[in-house]
């Protein structure tokens, strides 16, 4: 029964440099498709990350998931990896994967999915800017 | 047919004191599980509450639900009950229920569900802080 | 398979005057139902618009939809039509349709739905104020 | 002595239609100078208003100025006058004064200045949009 | 010479319970003056604190004040003292001082002023809610 | 006379990569002083920029400064120079100047000061993150 299923959300943030680039394309095509996001010297963002965990409320604690533990998990799995980094150069995850907001959200989902019990649903919302953001997974 | 179903949202807020505590546990276990949220003298929050009502648009008004009426209903059912209160001591709802964000959202849902026609769906989002928030119900 | 479906969101805004009014009703009934929103000389809002496009990530770009193209499409289809306009007097869409937030969201949905490939899902969130907002479509 | 001087701020908001127009100019000059803000049928904004009152802290209350009284005063002097109104047509203040953000701030200052003891300093910040705002007076 | 004087700001937040009460007054007068803020069982807030430090830019670092050091100082002097506390019961500072936003700002100023070199100016902005906030000192 | 002096503010934003580094120091000292901000591969931010212009209101327009012209000036002088750039590598201004928030604000001030009539005062507020920001000049 799902009567006591609640979604809980934790917001964190990290600051990173990145560049959109497809190595299979010519420089000209990269510049045309990615525009100023293709700048060879990188640019950067303050990424706002919202992690949503959905499950039953534990009657003993009133919690779906302890927010302190969730915050620590995000710090360990995501912020320590990406904060104040160059996503293209400093991370294993984006060495061969274009660090678009879509791909960053999918990578963060996989990093956290491994660490959270599968009885709990997980969703990622990632703000690249206040005006551009993404969500994964969707149905 | 659902072609004209729209969700409408109203945001309100209230300020309250609370303490997380399970009377079936020892003081030591309460302190270990709930940390600083277990402070015996309480702490407090500015709660932001978003009430979502989903249904068909009335062709005469262009409304799903009159936002003035929804705002008044939230004031009467939620704000008058919880604003500037100590949730543990001053409210009937949390005398025997731990006032976690999850439980507060479920309580608010039930208070409003009784007052809103069942042809309309209802969902609650509650921000305990800008970084910690919950949603109920979820599928 | 839907494993790489991501939702992408673009936020834009426009400023417009409007008035809620049903021409089939008496002035007295309009005033009673719509209150100060019925002011014959109009009032206005800064509308925040969030357009959500959901689909598969293109492995070549890492994009679901190029945000620059989405932004340009919103400007062309929505902002050029409604920004700094009187919705009731200056637009074809609301000459015979009450410009409630619900109806504005449905109109924006239809304007954009025609221009976005049907393999992509589309959803509109429209903020009339920070406290009143709507979403369309919903299931 | 000024050791206990504190500034207190209260934020309120109102929604209004307006149009920028100088009746001494030709239509062509009005359109050229004011651009889309000159639209003859008006457009509108959600105005955010921050009223700052500066003075000594009363040792008995710990207050510079009771925020409930300040909020009521703003409602009575400003919101009842301008909320859900057409500033050009519905208000005495802007019948012969161009309702630019600058002029609206000066008018609000004068309306409140009359009602607040002169031992207290007063300053107005008015947001026409999140990106355009003004402050009055300045030194 | 002041040509390179810059103000730097650091935002932190804490959650606390409090109650406005003057022990020299009757219960009736306390209730009349402080209204629901006088609730004997306390209520609470998410306080947003902005600390402003003004001084010359160090040409070697490009800093007025290292923001990491400022953040640590605020944590040590303010957050460890007030976060998740009942200001009236759990703190020495407000045992005999009414914890109005004005008084909290003055107390925070004094706590930090002692720890920051006097060649640097210091100012505190404290948000009790998004709509009520204070600043100290002012000229 | 200063009775009609008003401050007007325009908010813009740009996204850039940077690195804090002093070439006169050892790598070890750079790492110690600047911490993760010294990452050799850069990191990045969404910078929010607020430009304040203060002067007399023109009685013909009701403007201190046309916000459209101010926005265009910021785009031309600041955004075209810094948006989606690596401040250390791609700009003349920070080739030999550490791109701390303080220094970026001073540089932006100088770029705009040259283009705005000296009868008008100018002030820059720059947000590196929501929690770290600076203002220049200050008295």
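When the chains are written out, they are named A, B, C, D, E and F in that same order, and each has its own residue count from 1.
Operating definition for what follows: contacts are C-beta pairs under 8 Å (C-beta built on N, C-alpha and C of every residue); 3 or more make two chains touch, one makes a residue touch a chain.
Owing to the predicted nature of the structure, the values given are computational and were not obtained by experimental measurement.
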| item | value |
| --- | --- |
| Steps in the shortest chain-to-chain touch route ending at chain D and beginning at chain A | 2 |
| Most distant chain from chain E by Cα centroid | C |
| Self-contact between copies chain B and chain E, residue sets same or different by half | same |
| Length of the line joining the C-alpha centres of chain C and chain D, rounded to whole Å | 29 |
| Averaged-CA centre spacing for the pair chain F and chain C, given as whole angstrom | 34 |
| Chain D residues counted as touching two or more neighbouring chains | 130 |
| Pairs of chains in contact (touch as defined earlier), listed by label | A-B, A-C, A-F, B-C, B-E, C-D, D-E, D-F, E-F |
| Contact footprint of chain A on chain B as seen in their complex | 20, 22, 24-25, 33-35, 97-103, 105-106, 130-139 |
| Chain B residues touching chain E - in the complex, by the definition given at the top | 13, 15-18, 36-37, 39, 41-46, 83-86, 89-90, 129-130 |
| In the complex, chain B residues that touch chain C | 2-12, 54, 57, 60-64, 66-68 |
